[in-house]
Amino acid sequence: MKKLVNNPIKAVDEMIEGYVKAYPNYIKTVGENLRALVTAKETKENKVGVIIGGGAGHEPGFMGYIGTGFADGVPVGNIFASPPPDPILDITKEIDKGAGVIYLYGNYQGDIMNFGMAADLADLEADIRVETVRVTDDVVSAPKDRLEERRGIAGSFFVYKAAGAAADLGYSLDHVVRIANKANDSTRSMGVGLSPCSLPQTGEPSFELADHEMEIGLGVHGEPGLYKGEIRPAESIVNELMEHILADMPISRGEKVAVLVNGLGSTPQMELYIMFRSVAKILEDQGIIIYRSYVGNYLTSLEMGGCSVSLMKLDDELTTMIDHPADCAMFVQK
Amino acid sequence: MKKLVNNPIKAVDEMIEGYVKAYPNYIKTVGENLRALVTAKETKENKVGVIIGGGAGHEPGFMGYIGTGFADGVPVGNIFASPPPDPILDITKEIDKGAGVIYLYGNYQGDIMNFGMAADLADLEADIRVETVRVTDDVVSAPKDRLEERRGIAGSFFVYKAAGAAADLGYSLDHVVRIANKANDSTRSMGVGLSPCSLPQTGEPSFELADHEMEIGLGVHGEPGLYKGEIRPAESIVNELMEHILADMPISRGEKVAVLVNGLGSTPQMELYIMFRSVAKILEDQGIIIYRSYVGNYLTSLEMGGCSVSLMKLDDELTTMIDHPADCAMFVQK
Amino acid sequence: MNIDSRNLINYFQQVVEMIEKEKDHLSELDRKLGDGDHGVTMSIGFQAVKDKLDHELLDEEDCSKICIVVARTFLSAVGSSVGPLYATGFLKGAKVIKNKRTLDDESLTKFWLAFVDGVKERGMAKVGDKTMVDTLEPAANILKEEFEKTGNFIEAFQYAVDAGRMGMESTQELLSRKGRSSRLGQRSLGVIDPGAASAYLLLNTFLTSLNSKRGI
Amino acid sequence: MNIDSRNLINYFQQVVEMIEKEKDHLSELDRKLGDGDHGVTMSIGFQAVKDKLDHELLDEEDCSKICIVVARTFLSAVGSSVGPLYATGFLKGAKVIKNKRTLDDESLTKFWLAFVDGVKERGMAKVGDKTMVDTLEPAANILKEEFEKTGNFIEAFQYAVDAGRMGMESTQELLSRKGRSSRLGQRSLGVIDPGAASAYLLLNTFLTSLNSKRGI
């Protein structure tokens, strides 16, 4: 695949250089460490620090969500690879305002190990209290009785936003953790893949799909999903995704949700809205109220084709969090 | 190419249905006309009405820019086809607050004819004063002595934003027109294409490129550009684009610009930032100040691969316009 | 020869069918020169027209009204460049056959000359700009000339279609100067302009619909 | 046999070269089971290590320090899953050879046993989970057993590498339970786990580097 890059090995570093140059009012690095990004804005004393992160290649996730009302810092890994402990630790020390720090990331082995090591070091070296919430929104990635094995996909946007809002509201670390956990418990996602992406270093497609095939349940790194099948009309695909999501989700008529139809990278907005249209239809039929919608590229996989649907069930507390304004370089909500 | 659609012929209508359902606080239709979109917010009395528009397939352009501080209405055409006069006229009547209406669109024959007919009808049928500004930012689309033949590409984002801000500030129609013209005169763009898009109805790639080829100077509808050539490193491509742009642009050391690196649809953010990095380098070398940056998908061509670079030279007046907040469904600026 | 509203509706029905057959070819030409949608646009437009032909226009006897509805329907369905161009053509044509239920040789000639005038006024293109005008203007010129000589529309129109075909083919050797392909420079050489092609098809289909009426 | 810091550095240099040869294959395995980056990650990590070997470690004589720098460098360069796993392995290994400039049969045995312990502690995977542990644990078991019998590291390690290879190959028949491929179910069958493959290569390269030292 053709790419607008220079040296593929330098792609992530050069991306960050460009990002920091583009938004100096929003972003700065911790010292000279390009992989340790923090907000350039003044943060309130005694605010809980929010770190979200993971591999690169998911832009605007995660570095795009640094800003007021959202994350304070993002360690950036290589493409689809957890960041190592160093930048996580650097950021932790930089953003801690005495109220402790929350780590939020998708439930992947690599992230668990690296963030875990960083949390240990933060405690040992700097006596900073770190709590962790792992996102597990992908309904097809493990059965319901093994929830803790599920991976995190685009629904993590909701969880990160809720935690960022809670921290911005001045809540304590325990309170922020409780809200993040509730947000995760209230969120379900499922995706469909149409075409692969490729790592700049290999140029090889991340998975194989025939001309008329799609992959139902695809993960955000191209991890295989439920099954490969013939592509079908948008409505029929949405029906399948929503069936899995709603079967997994404790929700009833009259309750409200936030909806995210997330593009994986190369799927036009037009198609995302066509998908959203069917999601809205199903929710209307079931008497579930759409309180707020997000349609676009919120958590991508380079130029992968396809999308996912995420629902977060909203109680009053989560409604406040989802309504909370955010001001980031790549995401602004009034 | 695989698409998440139902009936390809209904793609635009279904997209709009989804869009209106997703953002009822931002968007409504004029009567039942799905192709005539206007802001759902209260607009000030005596504010100049701002209509931007063109074909579908450029999302978030143009319907994504309906909102406070930006456009009041957007007529939506078929994919890559100017909207007909009806929805333009319907919107004109709906949004006119007595101060007249400005039409802004890219300089294409289809848009000129359809918006032109609508302007005539607005005058005849409703006595509404309509002024028009056509965007001509694409430097390679015609030589400098035939500026009025140049087509409009992603730089139109700047022109529309400036006009939207001016109208929001309560300026008169003449004043808004003057600012829009100045914004257009101050803006230059040039693009590079890496891979084609396809219309849902034909499924055929909009142009042909070999595996290692790019198209320098590509238009936003896949119109051929300057030449096809072997793909090169990002930096070398940026050098070529910037050479054309800066040679065409009256700008000198110490002056400031807004920069837009716009993705055409399927190009990852990572690559856009890598491109931006080189743009910033060149501007720094020339002593030109980057006042504000926009990096992302602002005006796409379905799933086309590639990007464009746009610069708008900023004087005090245009600085005010570019800084003016905007609150749209698909674009928020604080 | 005289044609009535049935024949006119029959003509537009044949255009609908013809476009469905030719749309891929027209889009293919437009992919080479422009944005690839010309066939799609023509199809969207004439499918909308078909809906009118099948319902609203089913019993319409006023040829002028038929043309007005076709023009408006086509325009509203497509916008684009061809929308205003062909719509203006048919509207201008409608004007010169106002209230007529049958069209004689003279009306038919006037109709098509007005059609071409409408397209030219709307688009302001000249012969040699590599547009549909390269088909339409030579066709109109010959139509006028031949009809003035003989007073026979169908014979004159036969010549006009031939001239239109040659005009269309001539676009292959032209540099684009109007519309989307005008920035192509040398690269526009060698390809027929899609609008020139669809304009020729509109003319030619009128001829074949007349001939089928005459039983040729 | 005894090895010194030169031999150890030579081993890591050979790993660097080996990974460059094998990286495409490792990524290919990971494309089938995970996110396709395992070879890329191993390459990024060992290229960073190479930089240390060529400069900072050039004159380092403490084998334990070499392993610490390798571990930290690898981890900082890659993160990912293998970063903490192999880094913890090498750090644990470093601990049992603290301050040593030469490693005798016993140290070498302890080193690799500690390495495998480190990986297991960090990842908490068990044999049968379809991870690198399927390579490493059988290798460690045999190494321990054989070394206790004979006291000869290189012979024991030869057996260990064979056991590791069989363990690696066994992953083909396993369902994934840990890491990215754990949600694959049946579809993970038939493919060797990339981490199991790289772990085998790390072991086997140690053997060949010893053999080349011995002139075999």
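By letter and in written order, the chains are A, B, C and D; residue numbering begins at 1 in each of them.
The rule is short, and it goes like this: a contact is a pair of C-beta atoms (placed from the backbone, for glycine too) under 8 Å apart; a residue touches a chain by one contact, two chains touch by 3 or more.
None of the values given here were measured: they were computed from a predicted structure.
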Chains touching both subunit B and subunit D: A
Please tell me the distance, in whole Å, between the geometric centres of subunit C and subunit D computed from their C-alpha atoms. 74
Just curious, how far off is subunit C from subunit B if you go by their C-alpha centres, in Å? 32
If you average the CA atoms of subunit A and of subunit B, how far apart do the two points sit, in angstrom? 29
Do you know which subunit D residues sit against two or more other chains? none
Of all residues in subunit A, which are in touch with two or more distinct other chains? none
How is the touch graph of the chains shaped: line, ring, star, complete or other? line
Among the chains present, which pairs are found to touch? A-B, A-D, B-C
Going by the contact rule set out above, which residues of subunit D touch subunit A in the complex? 24, 27-28, 31, 34-37, 39-41, 43-44, 75-81, 83-85, 122-123, 178-184, 187
Which residues of subunit A touch subunit B once you look at their complex with the stated criterion? 2-7, 11-12, 14-19, 21-23, 56-57, 59-60, 64, 192, 194-195, 197, 211-212, 214, 231, 233-235, 237, 259, 265-277, 280, 290, 293, 295-297, 300, 302-303, 305-307, 327, 330, 332-334
If we count contacts the way the header does, which residues on subunit A are in touch with subunit D in the complex? 9, 55, 77-86, 108-110, 113-114, 116-117, 140-142, 149, 151, 199, 201-202, 204-207, 219, 221-224
